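One chain, chain A, links the two complexes that follow: it is found with chain B in the first and with chain C in the second.
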Partner chain A sequence: MKHIKKISFWFLVLFLLILICLPGIWIFVSAFRPNPEILSKPANWIPDRWTIHQFTQMFSINGYVSVPAFKYLMNSIIISSVSTVIAITIGMMGGYAFARFNFRGKNKIFLGLMLARAVPGISLSLPLFILFAKLGIINTSFGVILVYVAMNVPFTIWLTDGFFRQIPKEMSEVARTDGCTRLQAFWNVELPLAGPGIGAAAIFAFLLSWNEYALASIITRTVHSKTLPIGMMDYLDEFTINWAGMCAIAVVMIVPALILTFIVQKHLVSGLTFGGVKG
Partner chain B sequence: MGRNILRSPIMLLLPSILAIGFVIIIPLIFSFYTSFTSYKLTRPDSLFNFVGFRNYERLIDNTKFWYAFGRTILFLAVVLNLELLFGLGIALLINKITWGQRTLRTIMMFPMMFSPILVGFQWKYIFNDNIGLLNNFLYLFGYESAIPWLIDKYLAMGSIMVAEIWANTSIFAILLLAGLLGIPRDPIEAARVDGCNSWQVFKNITLPFLMPFVFIALTIRSLDVGRAYDIVHIMTGGGPAMRTELLWTMIARIGYKDANMGFANAMSYVSIILSIAFTYYFFTKLVAARRELGQQ
Partner chain C sequence: MAKVELKNLTKKYGEVIAVQNMNLTISDNEFLVLVGPSGCGKSTTLRMIAGLEEISGGEIFIRDQLVNEKDPKDRNVSMVFQNYALYPHMTVEENLGFSLKIAKVEKEEIEKRVRDAVQILGLEELRKRKPSQLSGGQRQRVAMGRAIVRRPDAFLFDEPLSNLDAKLRTQMRTEIKKLHQKLKTTIIYVTHDQVEAMTLADRIIIMKDGYIEQIGSPIEVFTKPANIFVATFIGSPPMNIIEGDVIRKENKLIIKIDDEINLECPQKIQSSLENKNKIYLGIRAEDIMPKETSDYTNSNWCFQKSINLAEPLGTETQLFFTIKNKEIISRMYNPKDVKVGDKINFQIDSNKVHFFDAETEKTIF
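== the complex of A and B ==
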């Protein structure tokens, strides 16, 4: 009886693992094989012929570019990193303000910031499209960065606020009686201690910018500012889908996200829960 | 300057408020205004054609809109509940494992890194009636007639829900697991000594302790419910015959395809209020649960 219980338990775990991993594995395998093989019936999990054709095409080693994925990748990297750095910087300032000061309307401002983040991208995209067109920043990286900064700030504030609260106020006070200015105390004492939490917030901000579609699909128009999720749509023709190409660009999209998440995964969870429970 | 800036909370918050004001508040005010005009993208001068509440009246009369509205509520209710349930199940399961738990936790986070648009394409492929993985798999077991997952009106909605649940269960699982790992051992052991069975322990000790984590997860999730747009947009585009049309896809269709911005903005406002209400509700619940936990 005990054995049956144990076996069924592991069977359940295995089933879950398969459910979670299989789609990703399929994408990965399909990125390295020719299109007809993907469509074969029954499904063929181990490619007969491995090929990096889609990648060489995408990154134009042969000089022929159907989808300028390299440009999209660069756009994605620039937009996501710049917007993350800015969002973390100003979000951290906000988180510090909420953790260390008492001021009038504090809870209301906090709630207001969170609710601003809840506005669905597609609803926001209609007015942003018109405003950005009028201001002439539509289809520019600058415009996209601006939007992502605003979208990432509230969540960053939430996370960093939780982390700054973890650090006893006295530590900064001691540093200041020893002759540090508040900024020096922040820089030398509080920032290093909150480091892991800020890292987690940064990864969240980066992933959101990296994966965002609804807004980017409206305010980016050409290869100038299109990011990878928008670039994926290039593999979609009116009636057919180039599955191999799409899987290849998906791999380009997932791998950096995967690496980043693995690096900070430990702090990711504690960051979320500290911010929430003890905030 | 640098010394003063850290002294004033308002100065510290100013950049955040400016960014949000420019990208979220001003556009929302603008779209609130356009929702009272007959603004069409194709005719810029219609921006000043004030029509009062006509867009909202049209909305109230529009049965398609109310279907989409009801469908969105239903979709969110089903999806959020199932995600919570599965997330709790997975968290309890992984909590029991002592060997390799960290690896499992990392693998579990896998779907979180997928862009919603990628999730959409992935499941569009899996559910494809002709070449999809799922029908291919059923074919192996001798089930030869292809099931039209994304074409049948009921199956399509179910398929979208599966994709959405696959993508977002992990956030619940991870946060609830963090909660489970933080539960003190003593009360559980004391309860067992007093003769509680595992269900009673779960109901009276584990669950109350987990509640703040449930609300954290729900609050975080509610910030992003609008992202379901990406998945629906890719998988069915609101079809077949608008049977999977949610508020968000309807907004996109009317705003961009039909270029009817005024009407779409009126609709946007309904969806914004819906999202904000969701977040507000979970947030206040979170604050309450937190207070309760602090008092214990």
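== the complex of A and C ==
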């Protein structure tokens, strides 16, 4: 009886796992097979023929480019990286300030930042579109970076604030009596201790920018600024949809995100501050 | 090695006064202990000296230099914290050498000074370890080592032994005392533990609610407490405080404790009590001695009480009884079996009784 219970439990787990992973697996499989096979009925689960045609075409190895995926990839990398670096730099300083200093209106400002996160991004799309159009930064990487920084700063502040709070304030105090300026104490002691946390916050911010679709679809127009999620829509023609191409570009998007997620997972388990204080 | 001077030092948090008009000179090589209950302002004072807390008023001089506006790093004092605050990402060696590295001291010099500190504190085996691999006592030693290598003008200790277990605390206490004798540095030490204060200090400062209650050598504050607060704070068990009415009877002054106990006022204090109706008597537990006499007639300050509780401690037994619903403790040396309810004759050593004013709670005599 006990065995049956155990076996049925694991079957349930397996079933749920397949259910969750199926769309992902389908995308991976479809990226490596010809388009007609994707549409075959009944569904062909294991491809008859494997091909990297979509990838070679996407990255224009044959000289013919239907969708400039490489340009989109570069846009995505530049926009996500730059916005992440800016957001984490500002967020880190903000988080440190919230964790360490007392100033007038501290709680209200913090609440305001959190409320900003609660506003659905898409509701800002029209005002943003008009504003950016008037400023002349529509359809530029700069414009997208600006939006992503604004989107990520409250989030990184919130995360890094928590990480800095975990570090006893005596750490910086003892560093300061050890001859450090406040900045040196931050740089030599608090930053290394909060490092894994800040890294995790940065990766979260990067992933948010990397995957963002709604706002980018409004403020990017051409190959100059389009990111991968928006570029994916290039496979939608008036009469046909290139499913295989779409799946291939999705794979290009998913792989870095997957790798980074694994890194975050590892870094979030941080017991680094243990031992510095009583224990 | 320097003199530290505080002039009218004041710290306020909004309306709350943490330290009020503190005036104090800590001389070169002195071991000064600030002691008091939590919230009395002792740690705040220390943090103000270190520069970690802004001051609301007054002046701080270290080595005759005004340091009010100076950053902690420019004051050349080292602080040891209660929770050690070792840098967890550095080894013991790196922890010790960190301040010198920041000060851009030459590498050979850093190595030499770290080696010296490691030797003084017996940390040779642990040089390459991270703080998480050390025990509490070892961490405390590293924290002290980190303070030593800088060769500061003064050491500031903020309850450094509070996180250690009782046995280790006693051991580290001795080590700190030895260290002071070896290094001959000014030490300002904050604790709430009066035993630590008594054993370590050259001079003790007892604080309460931001004010200094008394300054003096350990023996001084023990034998001549300035008021009831100091009397009950210093010494273990705390001094017994008993209320008494002053009664005039046939040209004699009698101190009436309760219906059974009427004590004749000693000659030397009579003049001080003449215009008072009420006083507090402070008597240490060892000065209320159980006596094997049948005399409990109040002459020679003898009386009889039945025991509520007896706590044998080996070398002594503490006897608890009540006077006017207040618990009184007596120390019985040469212990013998005592049962609850036993009637015991006690004698108070009238030469050692402290008299406090009923209104001001200050010592009368």
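Just so it is clear, the second predicted complex is superposed on the first by the 265 of 279 C-alpha atoms of A that agree within 3 Å, B and C clash if a C-alpha of one lies under 4 Å from a C-alpha of the other, contacts with A are read in each partner's own complex, and residues count from 1 in each chain.
Just so it is clear, contacts are C-beta pairs under 8 Å (C-beta built on N, C-alpha and C of every residue); 3 or more make two chains touch, one makes a residue touch a chain.
Every value quoted in this text rests on a predicted model; they were computed, and no experiment measured them.
S.K.: Is A:147 in contact with chain B, with chain C, with both, or with neither (first, second, both, neither)?
M.R.: first
S.K.: Going by the contact rule set out at the top, does A:219 touch chain B (first), chain C (second), both, or neither?
M.R.: neither
S.K.: Touch check for A:159: first (chain B), second (chain C), both, or neither?
M.R.: Once the two structures are laid over each other on A, A:159 reaches no partner at all.
S.K.: Counting touched residues of chain A, say whether chain B or chain C comes out ahead.
M.R.: Between chain B and chain C, the winner on chain A residue contacts is B.
S.K.: Pick one for A:181: touches chain B only (first), chain C only (second), both, or neither.
M.R.: Touch partners of A:181: chain B and chain C.
S.K.: Which partner does A:120 contact after superposing on A: first (chain B), second (chain C), both, neither?
M.R.: A:120 sits against chain B, while chain C stays out of touch.
S.K.: Which partner does A:99 reach: the first (chain B), the second (chain C), both, or neither?
M.R.: neither
S.K.: Go through chain A and flag every residue that touches chain B in one model and chain C in the other.
M.R.: 181, 272-273, 276-277, 279
S.K.: Give every residue of chain B touching chain A within the complex, in rising order.
M.R.: Chain B reaches chain A through residues 2-3, 5-7, 9-10, 12-13, 15-17, 19-20, 22-28, 30-31, 34, 41, 90, 93-94, 96-97, 104-118, 121-123, 125-126, 131, 133, 136-137, 139-140, 166, 170, 174-175, 177-179, 182, 212-213, 215-216, 219-220, 222-223, 225-227, 229-230, 248, 251-252, 255-256, 261, 264-265, 268-269, 271-272, 275-276, 278-280, 283, 286, 290, 293.
S.K.: In the complex of these two chains, what residues of chain A are touching chain B?
M.R.: 9, 12-13, 16-17, 19-21, 23-24, 26-27, 38-39, 41-43, 90-91, 93-94, 96-98, 100-101, 103, 109, 111, 113-128, 130-131, 146-147, 149-151, 153-155, 157, 181-183, 186, 207, 210-214, 218, 228-229, 232, 243, 246, 250, 253-254, 257-258, 261-262, 265, 268-270, 272-273, 276-277, 279
S.K.: Please output the residues of chain A touching chain C within their complex, sorted ascending.
M.R.: So the residues of chain A in touch with chain C come to 168, 170-171, 173-181, 184, 188-189, 192-193, 272-279.
S.K.: Okay, in this complex, where on chain C does chain A touch?
M.R.: Interface residues on the chain C side: 50-52, 71-73, 75, 77-79, 81-89, 98-99, 102-103, 130-134, 136, 139, 146, 150, 156, 163.
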